[in-house]
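The structure under discussion is supplied below as structure tokens; questions concerning it will follow.
All chains are identified by letter, namely A, B, C, D, E and F, in their written order; residue positions are counted from 1 within each chain.
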Amino acid sequence: MIDAPYGELEIGQRKVSKGRTLTEADVVNFCMLTGNWLELHANAEFAKQTMFGQRIVQGSLIFSIGNAMIPFDPEVIEAFYGCDKLRFVKPSFIGDTIWATGEIVRLEARGDKHGLATLLLEVANQREEVVMSCEFSLLVRKDRLKPVTGPQTG
Amino acid sequence: MIDAPYGELEIGQRKVSKGRTLTEADVVNFCMLTGNWLELHANAEFAKQTMFGQRIVQGSLIFSIGNAMIPFDPEVIEAFYGCDKLRFVKPSFIGDTIWATGEIVRLEARGDKHGLATLLLEVANQREEVVMSCEFSLLVRKDRLKPVTGPQTG
Amino acid sequence: MIDAPYGELEIGQRKVSKGRTLTEADVVNFCMLTGNWLELHANAEFAKQTMFGQRIVQGSLIFSIGNAMIPFDPEVIEAFYGCDKLRFVKPSFIGDTIWATGEIVRLEARGDKHGLATLLLEVANQREEVVMSCEFSLLVRKDRLKPVTGPQTG
Amino acid sequence: MIDAPYGELEIGQRKVSKGRTLTEADVVNFCMLTGNWLELHANAEFAKQTMFGQRIVQGSLIFSIGNAMIPFDPEVIEAFYGCDKLRFVKPSFIGDTIWATGEIVRLEARGDKHGLATLLLEVANQREEVVMSCEFSLLVRKDRLKPVTGPQTG
Amino acid sequence: MIDAPYGELEIGQRKVSKGRTLTEADVVNFCMLTGNWLELHANAEFAKQTMFGQRIVQGSLIFSIGNAMIPFDPEVIEAFYGCDKLRFVKPSFIGDTIWATGEIVRLEARGDKHGLATLLLEVANQREEVVMSCEFSLLVRKDRLKPVTGPQTG
Amino acid sequence: MIDAPYGELEIGQRKVSKGRTLTEADVVNFCMLTGNWLELHANAEFAKQTMFGQRIVQGSLIFSIGNAMIPFDPEVIEAFYGCDKLRFVKPSFIGDTIWATGEIVRLEARGDKHGLATLLLEVANQREEVVMSCEFSLLVRKDRLKPVTGPQTG
């Protein structure tokens, strides 16, 4: 592309995150943050009678970690625009390790200064199962923000 | 409806959450939980040069709190199925207070034992702005789970 | 009662909470919050020589979660007034699941606008043991506060 | 006392804690830990119409920090026995600084090996107001537990 | 360098982190994590009479964040070896924003498989002051660890 | 020493902390606080192929807890000055319990009002291994700060 208007972003670009193990502490922290102590996630006795037989990790947590893990160029990101076709296709359990993959599938202009970058975002686990997928859209800048730094970068 | 197959859930039912003020601590906690310290949320100096002029609250946090706040019958919820048309239409700032509204817009059978309940979920703030909307879908049970409780409910 | 002066509150009313599993993360979080790292709770080696043989969950945590779990009408609650006869009658261990029960045992007027609601509050576990009980008193309003909400409730 | 049966504890002994400033982060952390997002503590807009005019710090948090701050000999403490006459006499606001004072007012034998130590526990703030008081009782050991330590204390 | 034995690491290589604003929540979180509520950090009234006139951010927190912010190749890092000449040369206050700079100043072999990489690590703030410096040493691997990933990277 | 210019501090003075068990929650909390999710600490699958065979506790966490645990007189501490010869000589694993020992090895004047107190600080575990050592230096005051307290100490 001649003028590379969205920093390092191009259609077809694909990035894989590091892995992260989902712990009981993560599940408790997410109950705490959201205020939602649904017994599916927070009550080990209750969870025994569900279709999963044990507590499951919150879908919103998988989504929040998954989109945060993908290492795209932060200096062109203006805001989280939206998301479509988010689906949780397998449960995640305490102790599972997840990785996220993002592939840029659309880049559209939005006025003179911005664009919309859409990623196919997938999260998979150590059993080689895809547990979540979505189309994740970021509002990006054509002109990369200049870093704001202290004296040591002079 | 004759047999009320999804607990208290019915099309057209609408619930409004309590309000919650979004604090700097919430923004830091969400950076911590996701591992994403995007300067838009975590660097007050950097944020001055963005289109918002200040740090903004993470969209994923608004989404995570927003869907957690709606007080629907927890005993029929089996899992978070997915989400469509999630859009962040206004920024949220530190100190804003938000409320969520959920209205059931679809109830579909999924096999003999389950259904899919889709809510129009909206989050608004103290300036009477809608900041987020989405179609949020839960896998629900036709037979309500029986509560698992200790001896005090005998 | 003719004029239902305390929202939905009446003597004899009884509510049971959902259950919550007490995790190692909860115990660590409570050490962190209070600044009290008493080895009984925070040192697994030390705890082996105590009368319990293992780390126990903090009583103040059981109390704090227990009184928070009871789903009484929040719009009449003005403040936490006080507590009497708080007793921890059994230890709680990491991995235990607890439920709380509250029964309104006294409702007394306090001036023109307020009352004092006293609950018999009990916390029990999955072994059907009561672990904590107290008389828990809330200052309540005769006139229910009107909800403060955003535009979606108009 | 001839045999000093409860470590350093004696009737009339009095200890004052260090001070701690109550922050917005503490209030949010306590909402998170307990799962109780009562709008009195968590919604700045709602709090304006209460009798306090602003969010107040949770009583259970004052109690939890207050009893944790008193520096009594940890090696004789076996468990938190209970509490009586807990009263919150003034509200605490975000930004207040608190100190706790504990004075031993009763020491009673409980079988051969244990005793019950009761403290008059008070919490006060930088405006010289007592905000909380209670009679706080600990189960203590007559024989002090021997410290469990690593090799560096040999 | 012919065989690039330490991944991307070379003497003279220099990396600058993103910036992060130090919040009151960070200071409270670090008091919580360490169990150290030194009044210099945790008591706003006490802090008025110190040489700084206000609460200061913990040095250990500046050090912990500072060394974590530098984006060196994680796949060659085996362990944190040690640190020398750590000095806090200016105080950090709540609301300051910091950046870290790391420059590799030594690379030494340690047996056949490992090396020691030493960085001059500096942390500076928005007032263009260096607040911390140290020589920070990592044990690194000559052979880069192969990433462990899920199915999406096949 | 005639005038005891540094509060209770004297060369040769030695203090041993209480013990604390390092939990998975601590490791996750420290990843969260620092923003560093190095797979060595955060990915159980990745950690299997490292020289340790499992996740290890962060060195910076051992250092941060270790120096916080030593109970020296807080009223003479002005600031954390610096640290030398910090070495991590053994790994720490989730579930280990640690103790810290500090011995004052140097006391030097710094102008009229301050001194520099240097401790040999060691952290050891339940297997009687020293896992960390350093020379830890605090800026201390010759005149002890007077406590700032509320009305209850009058």
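As a convention for this text, a contact is a pair of C-beta atoms (placed from the backbone, for glycine too) under 8 Å apart; a residue touches a chain by one contact, two chains touch by 3 or more.
Bear in mind that the values here come from a model prediction, so they are computed numbers and not experimental data.
*Asks:* So what angle, to the nearest 5 degrees, turns subunit C so that its CA atoms land on those of subunit F?
*Replies:* 120
*Asks:* When the contacting C-beta pairs are counted for C-E and for A-B, which pair yields the higher total?
*Replies:* A-B
*Asks:* Need the CA-centroid distance for the pair subunit B / subunit E, whole Å please.
*Replies:* Chain centroid spacing, subunit B to subunit E, equals 36 Å.
*Asks:* Give, as an integer number of Å, the spacing between the C-alpha centres of subunit C and subunit B.
*Replies:* Distance between chain centres: 26 Å.
*Asks:* Enumerate the residues of subunit F that touch no fewer than two other chains.
*Replies:* Each of 18-20, 24-26, 29, 32-33, 35, 37, 39, 43, 45-46, 74, 126, 147-148 in subunit F touches at least two other chains.
*Asks:* Which part of subunit C faces subunit E closely enough to touch in the complex?
*Replies:* Going through subunit C, the ones touching subunit E are 31-33, 35, 37.
*Asks:* Per the contact definition, I'd like the list of subunit D residues that touch subunit B in the complex.
*Replies:* So the residues of subunit D touching subunit B come out as 24-25, 28-29, 32, 37, 39, 42-46, 55.
*Asks:* Would you mind writing out the residues of subunit B in touch with subunit A in their complex?
*Replies:* For this pair, the touching residues of subunit B are 20, 26, 29-30, 33-36, 38-40, 43, 45-46, 48-52, 56, 58-61, 63-65, 67-69, 74, 77-88, 91, 134, 145-148.
*Asks:* Sort out for me which residues of subunit A touch subunit F in the complex.
*Replies:* Against subunit F, the touching part of subunit A is residues 18-21, 23-26, 29, 95, 97, 126.
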